[in-house]
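Each chain gets a letter, A, B, C and D, in the order it is written, and its residues are counted from 1.
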């Protein structure tokens, strides 16, 4: 019965896929319209960065990126609302600890590098922030319950830093007559770098805090249900 | 054109596969993985249409859209997993409470039900707490079933 | 001046960030931000009222590179409704969560949700809408699970997954449109779009994704548990506002972007689903044991009415009759926003007072909470569509349209739905009265009872007796007599 | 040359689809998540081939990396519970 249903759904979805494939084929067979590639590269010089993807993310479509940071924050706030973090992992042995001592600074350095090259080569705030997040994950796995994050008040300021700086820059530009997130000529480069640096820190902290999985501050969680027991690695 | 269709088509197949798995499988983790695969398929379509051969530079706009999409997807994944963990906790503590109330009713009469009075979320006397109440954080009287016999 | 269009998104976003950073002061920050957001939304409505449609492109790049914001009559009408309803919910929430640890979780998420809501109403870019919808969905699911109850978490987990699926389906449609037409701007796409199979596929994908998010029958299965188990202010926001965001988007895409493709056949399909929603939702509301579950099923039914307008709109040529139908559809959506928010807020007070919301055991609530019972009665009459509520006018125009276009089969659906609604509202009211003595006070807790009362009152009087402004802001002539 | 490239593309994509299928069809949580991470990394590889290095980097780090780490913690819990509960773990997995 259940197998039949799965089969039926499979057939229906195969039909849907066939329809979509046909639609995609028909779409691609059209005269390729101008799209945005030429336009985006034609005005790349005015954006203050030379990596086209960074230009789209932080200049042409910066509004989307601001809201994307808000989405990340909303997820973390949702996680925090569900209660304190579960207990962490057992402290790792000396060999692994020594490795962690190497990996974490390396990840942070690599994150800084990715942030810097993002202006002209592959990289940028999100990739750099993800590396910081990875450093946090490794720290937590090695037995650091807070994953290297500061206490609750500082953590709260850090997670709003990205969207905060972004929105304040945007609002400031609006107030000074340029329009929301319309960078004044010549200033785009350093404003983007400012926003990206703040975003990198916020993304790193938010991803780490999401991995920790609960409200900070109150130490380790209750241990009544066996859910939060220390997991052996 | 052909490379675009080849890769874009693979994206559509991934979307359909993820959708199928989402509808067919019961376990939450499998549903979540299915959604992520379907999402990967949609992103793949964007990357495929941005590709314009090995000579022309690719269209950066879909690339930026996909980057946004990836971050949104990981945010949603994190929230889903946190909700899931909380649900497991709530279910386990509910099962514990059930077991305890069964043993309690065997030895004595059922405790009187809570009187229906207006309560504010802060109103919570320590003596009312049972071990089952302590497990989930931020419990307020409204979160407990008023009909749950306790206190 | 059009630069100011960003404010209804920016103000709550900044407020939400500040409320996150200052958890101890989150209620104060939240209340102030709510006031400012409401004012900015009403300000934009006023600007549209005075100067007509507004539009701007962020970043100074112009379309198609930049992201456009625009406010026309439809956006302004929904923005105004959201500003008023969300302000009332905020004031109520201030009292509801006072002193609770939940307050510090509620305010930031609520302000982010509001930001996304306004963002949907003002966006003119298909991908920006995707991000907005995700922000809306994530913050709504997080808020809905705030009680920590098992049912609430399970319901919102499902809501979150369903929402993600809806957004992805929508996004795939956007991918097809971008491939074919090379832009994400709704205005530009509207100019380029023709009646091609590609556009039809994209329409089907986008509308089915959004229909899932707006809980159109039979995709409504996730809504009743999610809305019924949230804290009262959140239930009000979910039912009154969040489902309206995706409905608004369907209406806008259907009537503007996809006008060349959305023919009578497709519209009739939507109408049939709407009819199913009206009958099934009303029936389940009548059978519901709990007050908030009743309200949630009533939302399913009320969403259904909105879709009954689609086949009529499709079969009428542009002109006064069509304008009236369009305005009546918007009017019904607005009325439902006010009425359902008022209903849920009042139901939350009943739940607090009685300790439960089982309808059969509500005896005597009316005497102990006269203002709240009055709110339920007023909001209920607007849900039924009694005169002079806004939905009375809406249903009247709907039925007239069904007559004029010869689609008489929508008439029995409307009548039957109305009778069922009358039955479920009367069932609640008949249980609310008991034999207890009446207290001297009409209002017992002003900060939470008055917002509910004002919302319910607005659904009946403001939108019923004075529906003219809705027609005016949509750019149509006078309201039908 | 184009045929060789086409063959290369086909192999890339076939592997991608097979990885996705294996992920979706794997009932054991930890195995499924491992396969999902492999799928994400392969997807990143395909995107690098499509000249999207930025996005490949992001998918590898955020989609497969962070997403996978989050899921792995959940899968480990599910596996522990299954072991603790003996046979009846699948009903709530």
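Basically, a contact is a pair of C-beta atoms (placed from the backbone, for glycine too) under 8 Å apart; a residue touches a chain by one contact, two chains touch by 3 or more.
If you're wondering where the values come from, they're calculated on a predicted model, not measured in any experiment.
Between A-B and A-D, more C-beta contact pairs are found at A-B. If each chain is reduced to the centroid of its CA atoms, chain A and chain D end up 19 Å from each other.
Between the Cα centres of chain C and chain D there is a gap of 38 Å. Per-chain CA centroids place chain B at a distance of 24 Å from chain C. Listed for chain D are residues 54-55, 58, 62, 66, 70, 73, 77, each touching two or more other chains. The residues of chain A that reach two or more other chains are 20, 24, 28, 35-36, 40, 53, 60-61, 64, 68, 71, 74-75, 78, 81-83, 126, 207, 210-211, 213, 226-227, listed in rising order. Multi-chain contact residues of chain C, defined as those touching 2 or more other chains: 102, 105, 127, 131, 134, 138, 141-142, 145, 148, 172, 178-179. Contacts between chains, counted with the stated touch criterion, involve the pairs A-B, A-C, A-D, B-C, B-D. By the touch rule above, chain D contacts chain A in their complex via residues 53-55, 57-58, 61-62, 65-66, 69-70, 73, 76-77, 80, 84. Partner chain A is touched in their complex by these residues of chain B: 1, 4-5, 8-9, 12-13, 15-17, 19-20, 23-24, 45, 49-50, 52, 56-61, 63-65, 67-68, 70-72, 74-76, 78-79, 81-83, 85-86, 88-89, 92-93, 96, 131, 134-138. Only residues 3, 6, 10, 13-14, 16-18, 20-23, 56, 58-61, 64-67, 102, 105, 108-109, 112, 115-116, 119, 127-128, 131-132, 134-135, 138-139, 141-142, 145-146, 148, 172, 176, 178-183, 192, 196-198, 201-202 of chain C touch chain A when the two sit together in their complex.
The touching residues of chain D, counted against chain B in their complex, run 6, 9-10, 13, 16-17, 20-21, 23-24, 27, 29, 32-33, 36, 39-40, 43, 46-47, 50-52, 54-55, 58-59, 62-63, 66-67, 70-71, 73-75, 77-78, 81, 90, 92-93. Across the interface of their complex, chain C is touched by residues 8, 15, 19, 22, 28, 31-32, 35, 38-39, 42, 45-46, 49, 61-62, 65, 68-69, 72, 75-76, 79-80, 83-84, 86-87, 90-91, 94, 114-122, 136-140, 142-143, 146-147 of chain B.
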